[in-house]
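Just so it is clear, A, B, C, D, E and F label the chains in written order, and each chain counts residues from 1 on its own.
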C-alpha cells in the first residue's frame, strides 16, 4: 500500500497544495518556572521550548568573559514517536541540538550578557516531519518571552521533494516516502540564513526552487511568531495546551 | 528534585514561619491541611501514543504517554505481559533540574509510581500474552515532567493512571511464527484504579499535596496508594525525617479518604467506568 | 510445584510460626580498614556493613557547613542472588541506598560533625528476603562501632502477607510467592518510624496488624543489635564470618 | 574540534588580519579563495579491511577503513543492506583532541559524511541482501583522524568514498539457514561518486577548504555534496554565523564545479571507472 | 588500589627505612623475605553460589563466588564453554577505594587472575558444552574484595581457584530444542591447580606476598603462575620499575617452590585430590 | 584446515626460522601536530605513536610536584582487526595501556619535568601478533623524537611457543594456534626488564629459552629503533606511510 504523494489535481496526501504550510499554532508563556517558554503545534508536531537565563555558568571556567554562552538541548519524549524512543539522547538529537543552537545564536545579543549562560530546552512531545524547524520557531519566541535581547526573530521552515516536485513543509509521511528534505532557518529582517540542511537529490533548478519555497515558508512562520507574541503581550486569551483538533 | 534552592538561613526562617502557620491549621496558599490544590486531568493529548494524559496539580505539570508494543516475557513469568514505568525530570521543568540520566530522586519516583500500579494489580498482565513464553505485550508508561511545584509523586501517578485508563492498543496475531498487527484496537485489561496520596510532615503538622515550598522544609514524606476497594496496596516513606506510629496509621485513613475523591476525578476525566 | 506457605498447624514453609523471626546473627568489627563494621546473617542474608568517617568531603563544595553529609551505598555481589547479578548498580539498588540512608539519618547526630562525610557501605554477599532491613540493622551497629554519635540505634524488620495471613519477616520464598511485604525501620527509644515501604494489597485491618507485627520484630532485632555491641565491647569472642549452619 | 586554541585578543587580531588579506583575494598560505590545498589519496593501506584509504589535504590526515560484515536488516527496510559511518578524532591528531566518546562536533561530522553517501545513493543497498528480512551485508565505514589542520568534513568524506570505491567484500550464502562465506570477492554495488565541498565564510569573503587557522576565525561553514550528475544531494550549514541568500546559491555552483575536479582525483586514485 | 596514601616525604622515609631493613633480610612485620603471611581458605560460605571461597592473607580479605549458568558459545569456539572472571574492589575495602566501574588496576587484576586459570587449562572447557555451537555452560567467577592489605593478585587468585575446586553445578539437558535443568549436580571438569606467586622488588631486595605498606614503596611487581606439574603458565610484571634478567629467572624458581606449598593448602581446604 | 606451524625443515608457516624476526619498518616524525611521532610496521602491524608534552596537567590536582605524569593510551581502530572492533576501549586495551606505560616509565627522566604531563598515544591501524611490543618500540622512538629526556630507549619483542618449540616473535596465526606468548620489553643499556607477560604453558627449560630468545629479539629491535632515529636526524629520506609490500 503506497501513499499517493501528489494527485492529478496537484494536491498532496493531506490535501495541501505544493506551496502550502501545515496548520501552525503558537502559544507563549506556557511554563511557570521557566524565564520564557512557548508551545508550538506545527502539523502534528507538539513541542515545548523553555528558556532559562541569563544565569550563572557551572562550572565557572565554561563562562565567557565578554558574552553569554548559548546552550541548547533538543530532546524527544519516549512517547513522541511511532515506536517508543529510548529516552537517552541519540546521535541525531545531539546533532539537531547543535544546529538549532547555531541557528539561534546569530540573532541573540550574547554580548549584552557577559559571563552568563542562556539555556534553551526543547521537548518534542509528539513528532512529525519538520520538528527542528518547529523547534527553532518556538525557541525564538521563548527567547523573546524570556526578555532576552535579540536583533531579530529566527523563523524556520523546510522545503522538500515528493514525486519529483518541489513542495513546502514536508510532514512525516512525505519525509519518509518523499525524496528530499531541506530545512532552512533565517533572520527575516537581515535576509540571512542561520540553518540549512539538505538530504536528497536536487537538480540545480530544483535546488533554487526549494530554496525559494523555504524562504517563503519562513516568512509565513515569522508572521505567526509575531502574532503569538502580540497576543501574549498586547492581546487577550489564556495559554493552553489542548489538542487543537 | 526541589525547585526551591535551599539556603541555610532563609530555609530556617521559612520553615519556622510555616510551622507557626500550620499550628494554626493554615497554609501559605490558604488551603486546609488536607486539601489538594486544583487537579486538572486531560487525556488523549498525544495521539501517536496508545494512551496519554496531562495532569496539572497547582503549577506542577506532567505528561504521561503509554505505548503498547510487543516484546519477550521474562523467563520466570512466561505467562505475563510487561509493564515498564519510566519518568524523566526534564531540564525545562525547573531551574534546578539537570539534563542527564535520572538521579536517585527520579528513580525513586518512577519506582514508587510503578509499584502503585503493579501492586494494585490494575492491569491484568495475564491477558497481555500473545504466545506464552514467546511474545507478550509490553506496556511502556513514560512520564515527562514539564513544570515542578511539589508533589511529583501524586501528579506523576495520576498521569500514568489516566493514560492507562484511556489507552487503546493494536492487537497482534501470530501467523506462521511471525507477529502481524490486526485492525482491532482494544482497551487495556484493567481491574482497579490505584490512587496515591502523599502527605508531608512539617514540624508536628501533617499536610497533603505539598508544594515545592513545603517540600523544601518538610521533615518526611509518606505516599500511600489505595485501590478501588479501599485496600492499601503500596507505600513509601521518604526524606530523612520520621513519623510517629499514630501518624502512620492515620496516614492510612487519609489516603483512603482522599484517594476516593481523586478516583472519582480520574473516572470523570477518562470516562472509565469499570 | 507450589510451596505450602502456611500449613494446617499454622506453620510456615520453614517451620516458623506467623510471628517468628528467622535466626539472626550479628558480629561487630569484622573489617580491619573500616572505622566501624558489622556482619549480619538474617535468615540466609549475609551482609557486611562498613562505615568510613567522619572524613573530608570530595569534592569540597558537597560539604555542608553545619553538619555531616551521610552517604550510603547498598550493593549486591554478583554471586549473592539465584541468578548472577550484573555488578553495575541497578535502579533497585539505587532506591534502596536512598531509603536506607534516610532511615539511618534521623538517628545520627550529624550536627556533631560539620563539613565532613560519613559513608555507609553495604555489601550483600548472599541475599534473602528482607535484605534492606538486615542492612539497616547492620549499618546501625557499624555506625556505633565507628564511634559515631547517635541518639538511638535504628532497628528494622518487615511484616508481610502469605496465604491471606499477616506474618513477620518474610524470607525469599515467601516474598516471591506471598502477596505483600512491608519493611519497617524505627528508633525504638523514640517510637519513630524511619523507613516504611509497602508492596501488596492489605485491607485496613491487615495493615494495622502488619504494622504491629513489624514493630514487634523491630524490637527483637534491637535486642540482638545491643547484644552484639555488648559482646564486642564488654564481652569475649572473636569475630568470624563462618556459615552459622 | 579546532586545533587552534582560541584566545580572545589573539583571535580578534588574527581575524582582522585575515579579513584584510581576504578582501584582497589572498590567503595566509598563498592560495586563491577557491583553491584546495594539495589532495593526496592512497588506497589499500589496511589490507585487513575490505577497503581502505588515506586522504591528506594539506596537513589534515585521515584514514578510512571499510569492513563489510553480515547483519540483520532494520524491520522497516527488510530489503536493504546497512551502511554505518563512524568517525573518531583520535587524541593523537591534535593537542586539543581528548580521548573519550565523540563530542557533538565529531557526531555532526560523521553524520554529515554519512548523509552525503547515503543520500547520493552511492551504494545500491538493495543489492546487499542475502536473505530478505533476515540477513544482509552491513557496510561499516570507520574513520580515524590522525592529524587535523582544517576541513575535516571533506577529508573524511573523500577517505570514506575512496575506501568504498576500492572495497572488495566476501560473498556469503545461506546453507540450511546458516550463513557460509564463499570464495567470491566482489566490489560494492556503486552508482555514483558523491563529493562534498566545504566553504567557509570569513568576514565577507568565501573560501573553500579552510585550514585550522581559518576555521578558528570563520563565521560559518557550508558543506554541499554533489553526485556524478551534478545534482546536490546533501548539505549542512554549521557554526554560529550566517550566509546571505546569494552566498547560498553561489555556494551550490562552487560545489558542483570543485566537486567535479575532485571526483576526477578520486577516480584516478581508485581506478574506479563506473 | 593501594590502601596507603602516598605522601612524598613520608613515602621516601618509609622506603629508605624499609630498604635498610630488607638489606638485613628483615621485614617490618618480622617475616622472612620469602615467607607468606598466614593464609586462611574457607569454602562453601555462599550456599547460593555454585562454589565459593573466602581467602584471607594477613588482613587482605577476599570472597569469590562461582555461578555456573548456561550461555551461547563464542562463534570461533563453538565447542567450548565460557569462563568469565570479574573482580570488584568494594568501597568498604579501604579508605581509598571508590564506588564505580573498575579502574585500570582492578581490570589488570581480574585479567591476570583470569589468565592464570585460563592458560593453565585448569577447566576443561570442551566438557562444558551442552549443544555444540548453541548452548554451553558459562562459568562466572566474581570476586568481592572486602579488605585490602596488599597482594590482591594472589589472594584473589586463590579465592577463585578454591571456589572452582569446590564448585558443584546443575547439569542441563536439551529437550525439544529447549534447555531443562536436571537433578544432577557435578563438579567442574578440572585438570590442574594453578597457583600464582607474587614477588615485589623494593630497592635491591625481592620479597614475596607484599603488604599494602610494602606495595606503596615497591619498585616493581612480578606475578608468576605455575600448574600442578611445575610449568609456568602465566606471568605479569607490573608497576613502573624493572627487574634484572637474573631476578626474572630466579623469580620463576620461587614461584614453583612457593606455588607447591600453597597448592597443598588449597587441596587441604577444598578436599580436592585430582 | 589446520596450519602447519613448523614444517620438517624447521620453517614456520610464513617461511621464517624459529629465531627470525618479521620485517620491521620504523619512520620518525609522521604527524605534524604531535611533539613527537613514529610509525611502525612490525609484520602486519601498522601502528602510529604520538607524544604530546611536556604540557600542563588538567585537572591541576593530578600534577606531581617533583616529576611529570606519564600517561598512555593504546587504542585499536575499528578496521584494524579481522572482525570490526567496537571503538570504545576494551578491558584488554585498558590493561595494555597500563603495561605499556609501566614499560616506558623507567626510561623516561620524569624528574626533569615537574608538574607536567607527557602523553603517549598509540593507534593500531592494523593489528597482528605482538602489537604491544611494536607499540612500545614506536612509543620509545616517538618520545625521543619529541625531545623528551630518556636514559635509554625501550625495545620490545615477544618469544612464544608453537608445536612445542620456542620461537621468536609470533604473528597472528601463531598467536592464535600456538600455545604460548611471552612479550618482553627492556632497556638494553641497563639490562633491565620493563615489561613482561606470559600466556601459555612453558616448562622450566622452555621458560629460560623463551626468555633468551626474547632478549635477543629486543636487541635487534633496538638496532632498528636507532637506525630510524639516525635516518631522521642525520640521514635523508622523507617519512611516508605507504604499504611496504
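Heads up, the rule we're going with is that a residue touches a chain if its C-beta (ideal position, glycine included) is under 8 Å from a C-beta of that chain, and two chains touch if they have at least 3 such contacts.
Note that the structure is a prediction, hence the values are computed from the model and not measured.
Q: Could you give the fewest steps needed to travel from chain A to chain D through chains in contact?
A: Contact-graph shortest path, chain A to chain D, evaluates to 1.
Q: Within the chain touch network, how many edges lie on the shortest path between chain B and chain C?
A: Minimum step count, chain B to chain C: 1.
Q: From the centre of chain C, which other chain's Cα mean sits the farthest off?
A: Farthest from chain C by mean C-alpha position: D.
Q: Just grab the chain with the largest centre-to-centre distance to chain B, centres being mean Cα coordinates.
A: F
Q: Would you indicate which option in C-E, D-F or B-C repeats the interface seen between A-D, with over half of the contact pairs matching by residue number?
A: Looking at which residue pairs coincide with A-D, the repeat is B-C.
Q: For chain A and chain C, let me know how many angstrom lie between their CA-based centres, rounded off.
A: That pair's centroid distance is 52 Å.
Q: How many angstrom lie between the centres of chain B and chain D, each centre taken as the mean Cα position?
A: Computed from C-alpha means, the inter-chain centre distance equals 48 Å.
Q: Between chain A and chain E, what is the separation of their C-alpha centroids in Å?
A: For chain A versus chain E, the centre distance works out to 58 Å.
Q: Head round the ring from chain A, going the chain D way, and note every chain as it comes up.
A: Once chain A is placed first and chain D next, the ring gives A, D, F, E, C, B.
Q: In the complex of these two chains, what residues of chain A are touching chain D?
A: 65-66, 70, 91-92, 94-95, 97-99, 101-102, 105-106, 182, 186-187, 190-204, 207-208, 211, 215
Q: Using the touch definition up top, name the residues of chain D that touch chain F in the complex.
A: 3, 42, 44-49, 52, 54, 59, 61, 63-67, 69, 86, 88, 90-95, 99, 101, 140, 142, 144, 146-149
Q: For a test of understanding, state which residues of chain B touch chain C in their complex under the given definition.
A: That would be residues 8, 104-105, 107-108, 110-111, 115, 119-121, 222, 224, 227, 230-245, 248-249, 252, 256 of chain B.
Q: Residue numbers of chain C touching chain E in their complex, please.
A: Listed in rising order, the residues are 31-34, 37, 44, 46, 48-50, 52, 55, 73, 75, 77-84, 87-88, 119, 121-123, 125-127, 241-243.
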